[in-house]
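In the two complexes that follow, subunit A is the common piece, with subunit B as its partner first and subunit C second.
== the complex of A and B ==
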């Protein structure tokens, strides 16, 4: 059934627009109507639900109103209490999509972390390691973001893929250092310590299966240079985890305790000294750019993009096996290139009305327990 | 399409030859070649006229199935059309349409529902063993006839991975027939444990907004079961 998406003006000059009637933000489910503001006189009412958010006509607005008695948020209003009007159904879809992503149930999201890690401290541990890598990089001061460049063409022109790949690898190593440091700090309770330890093993394997290192010798070099105890166990241990990974591209089922999503949700976010200390988890660096259109506008440098890029690499499917990851098939640069393409599709595509953009940005930052900042995220 | 163009070009060529022969005849040219040309022209001219009749004769035994399959293909679901055709389901649907027309009186309503449910069960059996493309199934459900919508719900009952919340809400809120709404609720029951709180609320809101459900014991029972399921 076709849905007439174009807002119209009634004969009596009552302007019609699309309004959200009822919205379950975290579930990605909503009802919207074409109607005058603050009215139930709907010309058209549709239902939208993730994943495809295809507008489905529901015939009557009473269905939407009924949902508000069952836990749905009633409408969407700005700070002045006015209903937020959308110019098209595409804008409504974008709003529902971004609300769902910001809630943490979308790509890489698992709502709550699988295990607790101590908050990261800016400029220390993994943050210091990444800071050194950035200081050595010729791309460190490059401003890549240009308004309207949704396909990362400017970035691709200004920063060689080899350099982006190197920085992504070093940021991944910074997450490992942060994780190893948390284990050494003995701040964790016994059970949590065991879970965090196991999580780090699987994190190594997850990074390996996504071709973060072009060769296993690079991982060995990093592990020995920084005396990473869990890395040592993996490389020298008798349980042959790496061997299993080489054959199948994935850790064996009995070696898994956490899903990829749970690991990504729990992974620490090493911070440069001037970064927002509230960004303690890597997943925040993915969910914010996916849901807040102005994120890269406020964070236009290459270093700020790298955590997002790592999270995007880990959100895309892994290589079928490490034989293909190392040499024969898809390599590290290609993984990063694919992640950029994925981000180009998943980051906000549709411009929202200013009031809606402001509300969704605030909601996304609220998920971190912190207000939006103009300083680097 | 290209065959049709070729046929009509052949006809035009035939017409051209016939006209040429007529012109030569007016000029008193009575050669044997002219007679042969006239025969060839007439034969070519007859092809477009005979082609459609020949095509109808060729497919008459399969016409019923082909009509429904063509409809499904036109809806943008060629793979589903092929599977439904191969399973014999399209033939059953056409037979059902004939029975439904013949038993249109209200006294046969239960018989019609029984037959339609049998079709839904057949569809469910098919999707339990065959993999269908969810996008195609959704497309047929969205743009298809009332009977095709019910049939798609049957496919989703057999393979719930083909379904999503939008389909369930649409089947309940904007059902074309009472039986579609019933199967929409049955499908909701299949999917209930996988639905989020928001999806459940949307389905129950759609059910509550339709007063007809209150007056039908079967549908009312399912809605009560859904409400009671934690």
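== the complex of A and C ==
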């Protein structure tokens, strides 16, 4: 992790640091100033906003103060009411970035699903299926996380890529089982049921386009073995979507209801029996490690990483599968390798002041309705 | 100093280094007339006053109150049906032990209560981007005649040089106005200050840009909240639309896109869907001229 050692500077014996003036946490927008604590005597005020979070000079702190009249929280304070000081603008930026990601967590989070799926239950359905896969894995008990290993080098050394790829595939299949079960339960209202069905069709195609299965025959085997009704639909008939997709690439935009990101935000999260039941959607397994720096430290096992890795695979660009049809595309292992590289960039890079780290971690877990580290991720 | 009725008011209200034709106890209408008198060259000053006044006054296409809002807040507004200024407590971290001195000072000087909602005066454009990428345009019918105006961000009284004056009530009030009586003349006077040439008539794009630029704007103090049916439309900035397209294109090319970028794009799509469900018009606009004439 990059450590910002920029000291808090002192000018005329007045300690100055970067402070958040106003912050719309869930929207990734903030004002920050270089100033003394609890003062509007700013030497510099900047504005940051997603998606690029590039600090822009504002020129006067009053613009930031005005933001607190418009839904922005006023500054950032610890539990004692003291303002939290940042040693550098990079830390401020990281805080705002992580707040934006953490804001997506939980049932009331900003990363809303495109359709409602019933909450997953630990240890059953897809969770049981993944539990069987973990039980058969030689890597199940491997502790892969070592502090300071930014590029997943320890993981790459300790767990063969074939094994990671196999577990990612089986976790993806577990999401399908969970989804198919939700459709069978008939607990959904008509419109929701229809949208969930549309979503599952597109989920299959999204997984396929990200090379989750090395061969289409593996998917066919899974679908028939588990009597997956939507999978059957996609494989049968003259339209054979799965075969067509394998030859022609990703489904055209006009043929879809949902974007990749919308599907990722909606997909269920199969849970092992001892996992946190609040982690009911796959996106949480991505948002939490990216917003709370200590997540992998407290969840250092391979099984806990797999959902994150699947979500990362689906967040990296899919291979144009015209070339896959000629045996010359990006394979499953390459996709997982690419996802690890993507995660290495996306996981927290900048060390925050301890007070800020504590507050953002607590916020992330609060969003889920769980105290930090009380239950395995 | 020319002798005329419009420029003869008490000009000692502010110190001499403040422009007496602007910082004056005169009505806003008289301040416009004073400017016109003092710039009464043979050129285009008079014509420009007429053109700008016509643009600002038109009930269909003229001045509006706009309120910028962020994506999540807009989605909450549409879902809850009522606009809110503030969260009760911070989302992250603890609360201050006491309200900020600055907030208390400004609120007491302006007598702002909890039911005052803040916006900006605009002619086209996408409002004050700092406060949110979505610019909500309030229907004129929802803005009562006595709605308060201040010729700048009310917090600017804390900045130099106004903070050094220890503004008297008279000085402060001279920079205030009300929607029905003063909106057009305050806007006109503001724009005229920046029309530095006298060689041609200005366009509506120029007027739009000079009325509201970055965080320089005329602040509107609406009494009471508003609801989605009170919105005329929601405007989006072309800059954000371009950023959205650029991220999509990088994604298509197989280049790295961050999770923040992907979520931001999705959130924008969700907002568009919510606005469509609420049957609210949405447009991508630049300034007044381009946005209206080329739609």
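Note that in this section the second predicted complex is superposed on the first by the 342 of 377 C-alpha atoms of A that agree within 3 Å, B and C clash if a C-alpha of one lies under 4 Å from a C-alpha of the other, contacts with A are read in each partner's own complex, and residues count from 1 in each chain.
Throughout what follows, contacts are C-beta pairs under 8 Å (C-beta built on N, C-alpha and C of every residue); 3 or more make two chains touch, one makes a residue touch a chain.
Because the structure is a prediction, the values reported are computed rather than measured.
Superposition of the two structures on subunit A leads subunit B and subunit C into a clash. Residue contacts after overlaying the shared chain place A:195 against neither subunit B nor subunit C. Within the superposed three-chain model, A:71 lies in touch with subunit B and with subunit C [touch as defined at top]. Of the two partner chains placed by superposition, only subunit B is touched by A:48; subunit C is not. Between subunit B and subunit C, it is C that contacts the larger number of residues in subunit A.
In the superposed model, A:29 lies in contact with both subunit B and subunit C.
In the superposed model, A:81 lies in contact with subunit C only, and not with subunit B.
In the superposed model, A:265 makes contact with subunit C only, not with subunit B. Of the two partner chains placed by superposition, A:93 touches none, neither subunit B nor subunit C. Judged by the touch definition given at the top, the superposed model places A:285 against neither subunit B nor subunit C. Of the two partner chains placed around the shared chain by superposition, neither subunit B nor subunit C is touched by A:210. Subunit C is struck by only one stretch of subunit B after the chain A overlay, and of the options 9-17, 117-125 or 189-197 that stretch is 189-197. When the two complexes are superposed on chain A, the residues of subunit A that touch both subunit B and subunit C are 24, 26-29, 31, 47, 49, 51-52, 58, 60, 62-63, 66-67, 69-71. On subunit A, the positions that touch subunit B within their shared complex are 1, 22, 24, 26-29, 31, 47-49, 51-52, 54, 56-60, 62-64, 66-67, 69-72. Those residues of subunit A that touch subunit C in the complex are listed here as 23-29, 31, 40, 47, 49-53, 58, 60-63, 65-71, 73-81, 84, 97, 99-101, 103-104, 110-112, 259, 261-262, 265, 286-287, 290, 315, 317, 320, 342, 345-346, 359-360, 363.
By the touch criterion given at the top, residues 138, 142-143, 164-167, 169-170, 173-174, 196-202, 204-206, 208-209 of subunit B touch subunit A in their complex. Listed in rising order, the residues of subunit C touching subunit A in the complex are 67-73, 75, 84-87, 90-97, 100, 102-103, 118, 130-133, 153-156, 158-159, 215, 243, 247, 251-267, 269-270.
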